[in-house]
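You will see two complexes here that share chain A, one where it goes with chain B and one where it goes with chain C.
Right after this comes the complex of A and B.
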């Protein structure tokens, strides 16, 4: 096989793998930032394919397109992160499931599966100290608002 | 089915099961098994590559491709979003190395500068603002891990078959383009003054597109400022937060 065709083949395959992995991440992950990272991985796959095709056609068009992809990705990152921050301020969570009420009217509501309890870390017991010194003075009701310090 | 297709099918099956096991599924076990299956699938899939002809170039290519793909899988399957971002940075470095190997020097450097230098830092910044404690419960679960892993890996398999079929010498659909010779490449995209040629192309033939991209960047800047300000202005008005 011609070495240039072999190179094109290999680069296209790696680009396809990056695209597929990014797609899996976008579809399956629930954190908005991770979803967005997955989209960037998909863009990387496309960039790789474009660069390989540009070399095969011996033309700078592929590399030019990759540059425009980078520019659009920068715009997209700015807008999307601003949107994600706004959404986070509304819900105090990056979970995309917090917005499930935007679904269609005939869709059932999303019910989160409760996470299994994590194995509680073995907590070191506090040391038991013998009582020492005098009992501190308390002021009863005044402890709550402390008129003087 | 040929031997080639058998190996590819096996790689797709192992990869789908491995990714399903690797994705967060609410504390379910099997991540190490998934990693092993994924590495085996990657090896099988790499065995279907043609190679670049020289063993040095081959070694570079396979190391860089493995870094790019493995780090991408790590970015997609990590439980902690900060680790996702770090894996993504590693994947970017692998991709940049591959671009360099293909002879696209400027693109490789621009990828590292713009993605790893600016976009990734912005991701980490937002992550630190929004979720400084690292893990959250939504990172421990995925939507339909099995179905999405099967669909994505099946798409990679189908694309592999399609790419291999199109580029095979006997394919009737192959565009009648002779691959470039080394001399043509040296006068074209592999020119020693490649960056100057690329700039010539950008600011000559594609000048209007460059201007449009600049306008787009400006619009994105203004848009991001408006989106964030709109919200903070509403909060200062004393309107109730919908939490």
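Right after this comes the complex of A and C.
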């Protein structure tokens, strides 16, 4: 076998293995962070095979695409982690099963462990600006939950 | 100035344009002035019609002045503007040895108008009465929320009616026949908030449909028999079909159509109910013009009827039955407008009788009566409207009385109309009634004379009856003790000038029009140049014996005088005599029969309406139970399929991801295979 083909084979095998591991992880785990990591692993598996094909064809398009994927993945990671954080704030849990709004209206929700209920009244911790020279107007009690900034 | 063709087109087009303008601008721009375009257009149409009559008269004079010309040739002018339908060779040539007409089988329907004396007379009458009624409506309809709508409908009606009488083929005639029916429906149900008016409009429409089925079947049969629908083609070739059963069938079917439109027995039931419409409409459509469309149609189809004597007897017989029936019912009714409606039915019956004689004398008499009747019946209706206007809408003659001094103009014009309609010498009604009697008398000696002998006697009986049913409302409403219904309030007054002026004009017409036509002999002479009547002129008829003429006129006048005297004795005196007479009549059940209008409505309810309603209910039940439930069950299939698939939507992210994985695997598998 030509060494280049053997090399491609190995890379592709590793890429497929990474993709498979990520897939299984995404499907089987319920922790949102772990699920997110699994997605990242799948992404890396795909990136690896792209890079391997690029090398095999002697075409830098594959490698270029991988760099793009890494950049996009970084952005995506930031957004995803922010989302996870917000979700965690709501339920105090990382369990994905706590979120099931996609279900059909009259289907019973899947719930194997009791979850802390969402508080009835949500109070967003609005950022408070420091006073700059002038003492800002305050609304007393209203400051805590005024409707808009 | 204007030639015949231009006039013929102008007459219908002007009211149509006015109707469209009123319909478009009525709500915003015209409002209270909505009458202006329509009245102007109809007045112009009237002028055009009169010009048309004069131009035709000129041609007739020319024709008569030529020594060598044949007397029989009619005067006509056909204007064909465009071809509506043209299918060449639409029908195969006949195989059973029937004669072919020229142009056989070409289904060529042209929008063509014809001017001949019959059409010109009808046009002049229609536009004249329409103009007067439209002027009257200015006062009568003032303040009505549908003011503009009323005048738009009237304009549309005048357009349809003038097109009807000037159409030159059967299909076009049918189209406008239906259009006047539509206008009638719209105007009967003009006050559509009133359930009675809406029901009356519906009834008129449905009963007319029965007649129209006959008419349209007749047209189909004309097409298969003659291979053309053009008046000229059909009438020219009808001679070759003499004795053909098809011609008799065509005539009977056309008669059915005429019965529907002209409210003849047994389809007369819609006309009394049509009185729910505004009174000017009753005067215009349901007394003077639209209901005479049937008479016009039979007169127009004279060559067909001349070839089918049996159908002519049917026309005369139905006319005779209707004339007597209408007169008997009218005697006991209490609603002034309904009395006039039954009187209209009765008089249309006389016209049918006259047409049924099948002689030129009879047809001229029928058309003559049509014209005079239009004048005095429109006058009487408008007079009744004036009474209604003054009395706050009350029309029950038992609740009115002694209005003679309060409504002088209405009284005198109504009296003129009454004297004219009962046929007092020398008012219009006398001459036309006399002409009908004379034509019946003339015919009673000939073949089939037995029928006409009976019809002659029936008509004489009608001459007496009409005195009773016309003078009864006159005496009760205008004479005797003053009775003013509370609805009138304390402002019982004569109608405004726009209403009384047409009354005076119509009264003048009712008085003089008959004498004018009779003394100048202009009408009969003019009408005899209609191409449709050529066949009669050729057959010729014996000159009328002057002694006969005097005898008939004397008998008629004496009977009228006796009738008026008897009516005056009965109704001007105390009510006891009337009650006694009613009781005496009721020994034979006559009074109840008359008061119950011979129970046509309940009988039709049992025979026609209920069976149809039952079938409709059955159909509705079947629709609800069988068809609807089937559809519902079909609708449940996707619902069940959805319920089966619904657990898949459980909201778990992993589940969706797994489904996606399997989907991708399946796709991969397909691609690899």
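Please note the rule applied: the second predicted complex is superposed on the first by the 109 of 149 C-alpha atoms of A that agree within 3 Å, B and C clash if a C-alpha of one lies under 4 Å from a C-alpha of the other, contacts with A are read in each partner's own complex, and residues count from 1 in each chain.
Please note the rule applied: contacts are C-beta pairs under 8 Å (C-beta built on N, C-alpha and C of every residue); 3 or more make two chains touch, one makes a residue touch a chain.
This one's a predicted model, so the numbers in the text were calculated from it and none came from an experiment.
After superposition on chain A, the partners chain B and chain C are accommodated together without colliding.
Contacts of A:97 after superposition: both chain B and chain C are touched. In the superposition on chain A, A:54 makes contact with chain B only, while chain C stays out of contact range. Between chain B and chain C, B contacts the larger number of chain A residues. Of the two partner chains placed by the overlay, neither chain B nor chain C lies in contact with A:46. When the shared chain is aligned, chain B comes close enough to touch A:81, but chain C does not. Fitting both structures onto chain A leaves chain B and chain C with a minimum C-alpha separation of 7 Å.
Once the two complexes are overlaid on chain A, the chain A residues touched by chain B in the first and by chain C in the second are 23, 27-28, 30, 96-97.
Partner chain A is touched in their complex by these residues of chain B: 19, 23, 26-27, 45, 48-53, 61, 65, 68-69, 72-73, 75-77, 81, 84-85, 88, 91-92, 95, 98-99, 102-104, 106-107, 110-111, 114-115, 118-119, 122-123, 126-127, 129-131, 136-145, 148-149, 151-153, 155-156, 159-160, 163-164, 167, 169, 177, 179-180, 184-185, 188-190, 197-198, 201-202, 206, 209, 213, 216-217, 219-221, 223-225, 227-228, 230-231, 235, 241-243. Chain A contributes residues 1-14, 16-25, 27-31, 33-34, 36-38, 40-41, 44, 47-48, 51-52, 54-64, 66-68, 70-79, 81-86, 88-97, 112-113, 115-116, 118 to its touches with chain B in the complex.
Every residue of chain C that touches chain A in the complex is listed here, in rising order: 646-647, 649-654, 656-658, 661.
In the complex of the two chains, the chain A residues touching chain C come out as 23, 26-28, 30, 35, 96-97, 99-104, 106-107, 109-110.
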